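What follows is a pair of complexes built around chain A, which joins chain B in one and chain C in the other.
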Partner chain A sequence: MKDTGLGWSTIRLATIVVCLFMFAPVAVVMLLSFNSSQFGSFPMEGLSLRWFVELWHNDAIVRAFQTSLVLGALTSMISTTIGVLASMAMVRYDFPGKRLVSTALVAPILVPEVVLAVALLLFLQFLSVPKSFPLLLAGHVIFTLPFVVLVVQARLVGIRREYEDAARSLGANPLQTFREVTLPLMLPAVLAGMLFSFTISFDDITGTLFWKPGGVETVPTQIFAMLRNSISPEINALGTVMVLITVALPLTGAALARRLAARMRGR
Partner chain B sequence: MADNGNAVELRGVVKRFDDFVALRRADLDVPEGSFVTFLGPSGCGKTTTLRMIAGLLDPSEGDILVKGRRINDVPIHRRNLGLVFQNYALFPHKSIFDNVAFGLKYRRVSRSEVTRRVREALALVRLPDVEERLPIQLSGGQQQRIALARAIVFEPDVLLLDEPLSALDANLREEMRIELKRIQRELGIATIFVTHDQSEALAMSDKVVVMNHGVIEQEGTPEAVYNEPATAFVADFLGHSNILPARVRGREGDYYRVALEDTGMEILTAAGNAGPLETGAPVRLVLRAERLRLGDGHEHRDGDTLLNARVDTVDYQGQLARYFLSVAGMQLQAINAIDRRPFAEGATVQVRVRGDDCVILHGHGD
Partner chain C sequence: MTATARGDRRPWVLLTPALTAVTLLLVIPACFIVVYSFWLRTGTGAEQAGFYLDNWREVLTDPFYRDILGQTLRIAGISTLVCALLGYMPAYFIAYTRFRHRAYLLLLLMLPFWISYIIRTMSWISILGVSGAVNALLQWLGIIDEPLQMLYNEPSVILGLVHFLLPFMILNIYVSLDGIDRSLTDAAKSLGCTGWQAFREVTLPLSLPGLAAGCLLCFVLGAGTYITPMILGGPTDAMFANLVYEAIITQLNWPLGSALSLVLLALLGGLVAIYTRYLGIDQIAKSFR
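For the complex of A and B:
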């Protein structure tokens, strides 16, 4: 295709504008986090890691980080386990009401998060259960589960049943078949599901605001709280760290999954 | 239970899927060491039957016995059957060695014994140097050999092959056919082979089981099912046949004289396995296309019928030609070797029908 002509230059221009619009604010935040000035604005006065150091010494933020990491890790472990088992049931077995269960599993993505958040909260109040960390965790599992199910199911559909039939005909019981054949074959999707659920949980603010017990803050709710007082350059630094985590982690994961898949293909 | 020399027996096996009957009451023996083929078009129930023996499907009724033992309730992983799939189904994430060794892992075999037996199996399928490779690095034919090695390495009671050659291209298919038969003979293992390809079935089998619409139409040696079809379906499915409605005119020694319904032409037909038939009884005459001899003037022999025909169409196939003929308004097809040059379209030829080549089927069919 020739890259001349008005049409192509327009498309190119539009692409650049859209990209600028999407990424410029993020770039600004990341840039300003290295500003030595007290005020988080241009012109920058000098380069400094001062705000990262302050971040490190801010107990509230460090605690929020720990909470988010623990919450994200637990969410992704539980979500992935349930998601993999649910996908196996959906794709490999037949049972009455399968359609309904299938819809119910994915529904949390379709329902607006606020509605889901309020609903769970009201439900807990109805049961007179106080808010707690396990309940926050449960909430996160509920709305990360669909992502795991969708990713793993899609992969599992593509894995021909014959592999499992072959394994069983060779003497492996169902559990051994799962461990030796099914799981390794869907591993890329399982890893992707884990990463998805981790980043979604790590990122979430809506549901978390509703569900978190008093005194517990995650990184997003902590930033939200800090913003209410003033815009501190610390927040820029925190934003930079979060971008690094939420971008670097999936990229690493994707690279890992690709290498795994490539090894399977024999390269 | 007494050992009656059968590796596999089906006793009144029925398989229904909701309202659809995939297999109607099948009774079948697979003798020890024999090569038995289930032959039929897709949807005839051959794969369903194989999958029930393998344990991938449960029969709706009836018993399946392996070596005299009822295995209906034995889960697949305890059945000790070697299974080979059309698409090989080698584990893509495991090396060839690990693929072949897979079945031994669950059979308490020592490590040195595993290595020895895997090497032995790879030698048997003539692929000794690929242990370290991954399935994707092998060609289709090689992958199928590995699949075979994987299925026989643990010395299964029966080998089950589900269209194992269909995914290969024509030349490779013939080579693998011979190879497969050699390995089966060498091991002396009872084998069930599922195919829709009649030449595979005829070339490899000790016994062919022809199936259609969930019914076993006929079973017998390849020669028997080919030469003495028991039903119109078998006659039609194996090779090319002319099936003509006719009526019995009378018996003449070892022959029946029958008159074709369409034209009233009389043909002398070997009585064969047809049994007693009364004069006037409706029958169908099976004339194999390749047994009809075309010529421009045959000398007459006893038991032969000569028909004058016109060549409508010629389907030229190099060493053979398939002719579509009209004989007094009736359509026939004939397959003949070509003597230098095929008969031209529009030519008038004489068709010799040998009474010994004809088969009589009772009734006019459905």
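For the complex of A and C:
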């Protein structure tokens, strides 16, 4: 198809159109967040940062940010820890029932998130656990676990056991082997898992709306609540900040991972 | 590289935390809502344990629920179809381009996943809303005097869903296109196929698993959402998950909400089960590599 010039041009054009479709709306939100007018819409009256300043002084939004950051960080630590352990078992060992275990590990994303949210909420309420931060955290952990397992497994497959065997045969004890060989080799995988679970948690709204206690808001639920009133330029500014965070994080992470990998090869 | 000692306990030790979490936070709660769906919420708001079929009778026979279910399947189906049509060409472009900086294209493909779902959804208000970009432009050009009402209907819900789901489709198609051995199309051409024939006879069939995985993912994610219709839909554009939200959060009718969730689970979980039975879950897992 490539050699028929017309076909390829059509494909290229379609790709550009799809890119515009994907990114233009978000670009408009970011543009509007710098609008100095008091309405969060067109026409643009002038450029200003007043809505970002306003954001900073809005207690509800600052609190939502704190909640989201703490929740994301805890989720990513717990989810990555248990996810990495499980991935090591899946990649390193053969055992009876492996297929079933593999399905169980990704089950939380095979089930529609609404159903997962309802089941967890009702079960824990039945056990008299009220809607609370721990419930929210448990929900985020179970929902992000499959992503961590998939991402980390994919990267662990590339680490060959021979490296560890070599270290052992050269006289390293198991702990030294883990610290000096396995861990550095695994680090990009662990980092990827942490970043992935953090962003998913930071972004989640479907389950969060079910699990969050009254009065507690994460950034997405805060945006959702604000949307019900009207589009204020504050929302646009909040959106801009959120896009910057969730895009900058993985980019930094990827760059960091590449640096690590390069340094390791250099050794 | 895998150790295969039978009775080796090490993998199970490593798996214990994850499997405990899945059991406690997913498997048991899912069994629990099955039981719960047979309970009854009495007029006073208290719940009565027992074996009542009332919730199920209501959910399965009330035409209201059937209509919303039909609407949900229609919206998710159309969104999936549009995603497949829009997604194939960009995926093909990324897989086959000779552009030097292909890595940046891949980054561009991943970028939407990192941009918050709620922000991507609400961004359409700034585009299509009464004082959004399109209306502002048309009024400025003098084409219209009054702003057009383009939001809060079924098409705007579908638009929002397509915008949310398209990256999943493109990624899945790309992964399967990328795995096709290039010498196959060369062979087809050397045997006299035109470029289009080689595509139709070789590349397209070989990319179908990716297309199918993409469609499954888009349909299941689309049919399970309630946020998009709440933000971009009108009062009549509810989807099935909105009913669940309504029953659980607004009416606090948990037994009914359980029954509704189980209908959604049976439908979408059933689709996933059929898919994995015949095609395996690996196709979707490939996207993570």
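Following the convention adopted for this analysis, the second predicted complex is superposed on the first by the 248 of 267 C-alpha atoms of A that agree within 3 Å, B and C clash if a C-alpha of one lies under 4 Å from a C-alpha of the other, contacts with A are read in each partner's own complex, and residues count from 1 in each chain.
Note that in this section contacts are C-beta pairs under 8 Å (C-beta built on N, C-alpha and C of every residue); 3 or more make two chains touch, one makes a residue touch a chain.
Keep in mind the model is a prediction, meaning the values are calculated, not measured.
Residue contacts after overlaying the shared chain place A:160 against chain B and chain C alike.
Contacts of A:128 after superposition: neither chain B nor chain C is touched. Contacts of A:85 after superposition on the shared chain: chain C is touched, whereas chain B is not. Once the two complexes are overlaid on the shared chain, A:250 sits against chain C while remaining clear of chain B. In the superposed model, C is the one of chain B and chain C that contacts more residues of chain A. After overlaying the two complexes on the shared chain, residue contacts for A:94 are found with chain C alone; chain B is out of touch. Contacts of A:229 after superposition: neither chain B nor chain C is touched.
In the superposition on chain A, A:169 makes contact with chain B only, while chain C stays out of contact range.
In the superposition on chain A, contact of A:203 is made with chain C only, not with chain B. Touch criterion met: A:185 reaches chain B, while chain C stays clear of it.
When the two complexes are superposed on chain A, the residues of chain A that touch both chain B and chain C are 160, 162.
Put simply, chain B touches chain A in their complex at residues 54-56, 75-83, 85, 87, 89-93, 102-103, 105-107, 133-137, 150-151, 154. Touching chain A in their complex are the following residues of chain C: 1-4, 6, 8, 10-12, 14-15, 17-19, 21-22, 25-30, 32-33, 36, 86-87, 89-90, 92-94, 96, 108, 110-112, 114-120, 122-127, 129, 131-133, 135-136, 140, 163, 166-167, 170, 194-196, 198-199, 203, 220, 223-227, 231, 241, 244-245, 248-249, 254, 257-258, 261-262, 264-265, 268-269, 272, 276, 281, 285, 288-289.
For chain A in complex with chain B, the residues that touch the partner chain are 160, 162-163, 165-174, 176-177, 180-181, 184-185, 263-266. Residues 1-4, 7, 10-12, 14-15, 18-19, 21-26, 28-29, 32, 39-43, 81-83, 85-86, 88-96, 101-108, 110-116, 118-126, 138-139, 141-142, 145, 147, 149-151, 153-154, 160-162, 199, 202-203, 205-206, 209-210, 220, 223-224, 227, 231, 235-236, 239, 242-243, 246-247, 249-250 of chain A are the ones touching chain C in the complex.
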